[in-house]
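Chain naming follows the written order as A, B and C, and within any one chain the residues start at number 1.
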């Protein structure tokens, strides 16, 4: 296995594990990652996922020889929709309904950046070197960077890197909103887990509704997002967790939520 | 009254005044605020509004007992559209056509953040503590934060706070574009008024057209916003204020605009 | 001529040259600039454009007397679509398909800001004074600032300047994502050229596809941008430049691309 799934309470740890090859992504790795996203989405024991990588580098990019068929084929990533969710969010509007947190370090090239763009919270070690190198090799990014990097770090900030293939630093990623924390090298997973624990102890239905509603706003516009929100809130007001929330408030203690 | 309206020349001051209860928002307060927005919109003596709050805190949030009916009802905020404009901008596309400036301090929780997101310019005292606490109480924000916080501070920056319920600082709000100025504690209203005076002495028709056109761009896209703009400019070129603008330029003095 | 075209290898230098009048833009200058954009778009010798201005200031704004007809006319900029591309990107969806880099200094008012907003990468000298002064003269910006400044520097950051007519600094432009570099005064063109050389040596088809796809995403949404991307990549995988890209990688040397 090149993608390992581990569990800490309600957190799913998704470990990228091909360090000898700088975590270059094979097609098999892609499938395993897509299956992990599907499992996170479906199994309600899990409330949040953390993606991280073993070794000094998050990834040097794709294992290109493994992928040339895919790119010349013209139809995109090879996905099994019944038990996989595309981590690039390029094959459909299906997205994991649970939050995903990324922790990156060292080289974080091409697919590393593009799957990170779909994460909800991001942590980078200070030694991270981000890069979309495609234009220096003859082609261009097709895993989402053209759509989402401009949104996430500002259009001209994104173009400055996409159009040149130049690398950027963790500090620059923080300045432009791409990552939320820069840690000492080696401490990125620790910080990501700290955030994941906060998400995991928050009300699971509330968390899922935030993702759902904010994605509706992003993809379909404000009007669509306004339409459902009061009915979604009304439903959640009748949940067990809402009662626990109020009770814990009165009793001045931390709430213990069940996702019901 | 828990919302007081005061006037300084062409500026409407909208004062939140329930400091003994940390300005927790009752339904009555909501209605009074909605009426103030309507008045600001309709009465052309006013060119800009400034919202601020008495006491050490802007607000601790909603007076929850007063609102549970509303949230379980599933239809949103109780609005009287004939003489009120919803300060959350959640009940329709109707928005105040005059700019609104917010000055916040201390706790600025839930509705404080969500109404501030609809303001056009924002000032925070350095002691401000922003927070969307809903997921720690069993539910999720339904006053606009899911739609607008990602737009205003970056998607992942917003998710980092929305999905955990963690607080953030004035400095972080400044870094991420949520507020334009951080002042010493107690100086936030002074700074907001300084900005309001600049808006109030600018050409009122120009100011209103900026708001109108930029909102069209935001809600309906660039094409829609390009369509009307040259006709709107042509109309304003024939205004009294345009003549005054050119005359004052030639006479090397500040223009005195009438909004005509 | 008030707009001069110069060539450095694959870079088109577009020089604004009316320094005695602080580069105030006449209608003739507008046409010459629109023709330069068209030439850059059509002539595939050129891979990137750099716009800069002679003298201590980028521009003091429009030569207003020359433009009053246009603004009262209500139909926008006087464009000859057969051999011109509107640098304001206000007259249609037509945009230059090659990247444009701006280098600005001193006064950079009204049209300077608005054409810069359409550039893909931007450099400002530290002495740059940005300003949208329209509301202090009786009208409002109609060259794109209402649509694009909120997107590029954050909505409330943009409103703080648009609604007051106040100036902002190069430092503030950098902080808010409007420019990517602040240089010492006089060094802005050098930095822009350094970036342009990086773009010019990148794969031209890749560069063009990044612009194309990211604009589709921006103007038509994510779904539209996802639809064509894999076919566009498949086409580029068969290009001469893709072969050169892989060969140069194996031979551990910089690729030399032909745009084929």
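One rule holds in what follows: a residue touches a chain if its C-beta (ideal position, glycine included) is under 8 Å from a C-beta of that chain, and two chains touch if they have at least 3 such contacts.
Since the structure is predicted, the reported quantities are computational estimates derived from the model, not experimental observations.
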- Using only the C-alpha atoms, find the rotation that maps subunit A onto subunit C and quote its angle between 0 and 180 degrees, to the nearest 5. 120
- Item | Interface residue overlap between copies subunit B and subunit C, same or different (over half shared) | different
- Note on the structure: Expressed in whole Å, how far the mean CA point of subunit B lies from that of subunit C is 32
- Note on the structure: Going by residue number, subunit B touches two or more other chains at none
- For subunit B, which residues are in contact with subunit C within the complex? 99, 119-122, 151-152, 177-180, 195, 198-199, 202-203, 205-207, 209-211, 213-214, 217-218, 221-223, 225-226, 229-234, 236-239, 241-246, 248-249, 255, 257
- Task: Quick one: which bits of subunit A touch subunit C in the complex? Just the residue numbers, please.
- Result: 64, 68, 71-76, 90, 93, 134-142, 146-148, 150, 153-160, 162-166, 176, 219
